[in-house]
Amino acid sequence: MTTHLLLIESPDAMGLVYKITGVLFHRGFNIVSNHEFVDPATRHFFMRTAFDGDASPQSVIDELRGLLPPAATIRLASTGKRPVVVLATKEPHCLGDLLLRHSYGELPARIEAVISNHATLEPLARQFGIPFQCVSHKFCTRSEHEREILRLLKFFRPDYIVLAKYMRTLTPQFLEHYPNRIINIHHSFLPAFVGANPYHQAFTRGVKIIGATAHVVTQDLDTGPIIAQGVLPVDHTHTAEDMAQAGRDVEKIVLAKALKLVLEERVFLHSNRTIVFE
Amino acid sequence: MTTHLLLIESPDAMGLVYKITGVLFHRGFNIVSNHEFVDPATRHFFMRTAFDGDASPQSVIDELRGLLPPAATIRLASTGKRPVVVLATKEPHCLGDLLLRHSYGELPARIEAVISNHATLEPLARQFGIPFQCVSHKFCTRSEHEREILRLLKFFRPDYIVLAKYMRTLTPQFLEHYPNRIINIHHSFLPAFVGANPYHQAFTRGVKIIGATAHVVTQDLDTGPIIAQGVLPVDHTHTAEDMAQAGRDVEKIVLAKALKLVLEERVFLHSNRTIVFE
Amino acid sequence: MTTHLLLIESPDAMGLVYKITGVLFHRGFNIVSNHEFVDPATRHFFMRTAFDGDASPQSVIDELRGLLPPAATIRLASTGKRPVVVLATKEPHCLGDLLLRHSYGELPARIEAVISNHATLEPLARQFGIPFQCVSHKFCTRSEHEREILRLLKFFRPDYIVLAKYMRTLTPQFLEHYPNRIINIHHSFLPAFVGANPYHQAFTRGVKIIGATAHVVTQDLDTGPIIAQGVLPVDHTHTAEDMAQAGRDVEKIVLAKALKLVLEERVFLHSNRTIVFE
Amino acid sequence: MTTHLLLIESPDAMGLVYKITGVLFHRGFNIVSNHEFVDPATRHFFMRTAFDGDASPQSVIDELRGLLPPAATIRLASTGKRPVVVLATKEPHCLGDLLLRHSYGELPARIEAVISNHATLEPLARQFGIPFQCVSHKFCTRSEHEREILRLLKFFRPDYIVLAKYMRTLTPQFLEHYPNRIINIHHSFLPAFVGANPYHQAFTRGVKIIGATAHVVTQDLDTGPIIAQGVLPVDHTHTAEDMAQAGRDVEKIVLAKALKLVLEERVFLHSNRTIVFE
């Protein structure tokens, strides 16, 4: 028997869970796990259901479309390994950690390629047997650069794109090709620091906690819906470089966690928030 | 409209969620929040559903009894303030924190009384206007002592009993009167230490993390199903007394959290585990 | 024998530790604990030394003034309980936690009074036997209001003033009377939110971590040097009010920790940073 | 100018810091950082001083031997990269993380070789260009097996040996060759579980926190002095395998942290405790 994933979003209405589980029940499917959430403010309904059975799951979708509110979105997702492409620049810690986890099967992903605007990380990718494509941003316009990356992405056909310390802002035109399918990691602080050299600012302010935020990339690079966050303690003996080191440790753990969550289809978007069914 | 809580445990079977939500739907109730879990090893099903509507919720129970497996347990719980009695001995930190939170309405509880085998904490309880009963364990047998506490409990009729650093072991005979309705807090360490003076042992071993565990009291005082745990970091500059201080800080936060979870009926027991719907 | 605290700041110079410990050694004092730190960027030296012995510690200071760079500041501090005044407004969680810890001797403080611009917290303070002074900000100018608080503070003579959710901004004129002697607690987020109703903003952004920052109050209320920070995890099931509850839990722990650190003279200021000798 | 590390342990005595810093001062050395600690119970003194200057540091040692108590141990340590050998078995997560950090220069180590009793991890080591030696434990006695590993270690001359999930117990005879120079990582729980399959036990007990402990290996494999610990939260939705995954995440971070601490000579042993100058 195969396990299928059913993902539903809908304006809330009476009897939604009843109707959905009824379809599964009458077709002989067995629910393996079920998560639901209704946002109290907007009365919007979210559901992730893993179910197994021998019948074709497509007919479930068709029947649900007739039963649920017209504004509902209903989809099936695979529970197998999903194709992923990683974009990086020069820093190895996030890419390396993803490649390692990938190499020993910890991620439900198949990393198809690493694309970078620098050649720095080529040996790291090659060492793990992953194709590496350098697309330099020099001697070309921003739109030419993005067009070349899009061309490669179309070839590799990723379900998700991971920005593993990719240091260039993506244009809205680029993002339109992969709406809500790009995730990013960036350092975070309490309080936040705007502008260049945030670890230096964190140091001069004497922060005691260094954090990282993994989020879905929307039009504004660092402020999309948050998927996961983590923190590590620091103190006055940490130089700005030590704080950056702590930042790297927490970034890699949080990015891997966020990637796993999206690959397992545990993350729903709602306005600028996420619903995360852990 | 009133909000009701429906709590169900059952051997798993096909269509459980469908049947349960169907009863609510057909009687015009609206589901406010829904948590389900099926234990993969034992195929046991757990569900907590908050729903509101004008009809009587009792008929829901009656109808469900006819629909669900005979081994299912189905019950309704109140969403109002629940009566609680706190047992303590001499240490004030957990009791004080509960009384404070209670005084400004943070807990869905009505603390009916504090019972202690010492008079030490009487001023603290009185200061918050809570009845204090001292039941000394001197000059009486263990069973006489417990009988007197039981007499008081019968008077105060608590839904839950909180052991807030109550330092006497309760007998199985006592526990039978409040099965799974007594929660306890105790310090925890990685690794654990057996025997007297655990903070001194933690110190001599040089542990770097101090923890606390809140659990349901079963026959064996410190090993019932775990409801919540927390930790705080320590280092070599902490004396055994400093470690005990860190222990008190984490104990009071974890105990308050666990009490809130049980009062809101978010905790199910399954063998020696808990299912906690946070 | 009495334990004394020696607190030194100085531009770094060769032989500082040698000279300082030499003075203590030759006068027969025994060093109990010693913390030093040299800021690598500014070459500024910080030292906190606890020492005991029968001789008068004042002569140590006098001799050190002749030996250390002219720009050094050298002082002795008491290791006993220090007078503290708490300023609060309406929220009870931080004040209540401080009063509790104070009542069972956990803080090296003597809370002399609670001052508030509202009468709300009077019963809480009185219940712990602490004088409560309401200084309403109505029907008076800001400077009249602050003048009245200053009058009370002059009466109570606190070493430190704790803003336990005191919701009014203090003017630079007020702060001049207690430079670096006022500590504040406020909620913190990754990322930070500017403007009104931060918990609502945190909710709409879907943050996964709620934090609190305790800091020294300087001209700008929420951006003085950071003494301590803490965090608690939250998720999409937390409403804005649940996030505020988590915020209160972490605020009270972090404020109590910060107060203990300053009372034990473990906190040095350096530009906008702190050196914290834990 | 070169930076040197001076490491001193001694029964406490008056004037120790004065005498030690005096030797450095009079020889024209400049103290870069200084950590001291006196264990209050045993009156034992620990000091780690980084200093720089042009003179030979060896004469410092010689002079200090004449000044400090005869029972003092005084040594110099290098601040450069230290040779390390990693022992592993089949699990890749800790080894992979160390190899990654090593490859981008995050550790003050030169990993000379990986030695394993299985061939499983050979591709991982080779991929990073690190020599891999398989020393099977089959067809030989325990002492023959250890003798062969010792032969290799003598060739590679490591300052520290890291057990990165090396699953065989080392004999006291083996440990004598590298006293206090072997560090290990193992999973930890609150409460602890004895016997086989601890993650399964943690699961059946319903623990909410998974931890890891890095420690110095002494005669008893899992109970040497603790260098570092970490934790991650889990809940009832985590299977035993999910808990093991969380365990792997925290193990790799804690082991890397502990290795960095010992390589930088920040860890002193005292009875069964560590003094860690972070």
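Chains here go by letter, A, B, C and D, matching the order in which they are written, and residues are numbered from 1 within each.
Note that a residue touches a chain if its C-beta (ideal position, glycine included) is under 8 Å from a C-beta of that chain, and two chains touch if they have at least 3 such contacts.
Since we're looking at a predicted model, the values are computed, not measured.
Simply put, of A-D and B-D, more C-beta pairs touch at B-D. Summarising the inter-chain layout, the chain whose CA centre lies farthest from the centre of chain A is C. Bringing chain C onto chain D by least-squares fit of CA atoms involves turning it by 180°, to the nearest 5. Averaged C-alpha coordinates give centres for chain A and chain D that are 35 Å from one another. One finds 41 Å separating the Cα centroids of chain B and chain D. The set of chain B residues touching two or more other chains comprises 37, 40, 235, 237, 278.
Those residues of chain B that touch chain C in the shared complex are 92-93, 96-97, 100, 103-104, 106, 124, 127-128, 235, 237, 245, 248-249, 253, 278. The part of chain B that touches chain D in the complex is made up of residues 37, 40, 188-192, 203-209, 211, 213, 222-223, 225-226, 228-231, 235-237, 239, 271-276, 278. Note for the complex: chain B touches chain A at residues 14-15, 17-18, 21-22, 24-25, 28, 30-34, 36-38, 40, 233.
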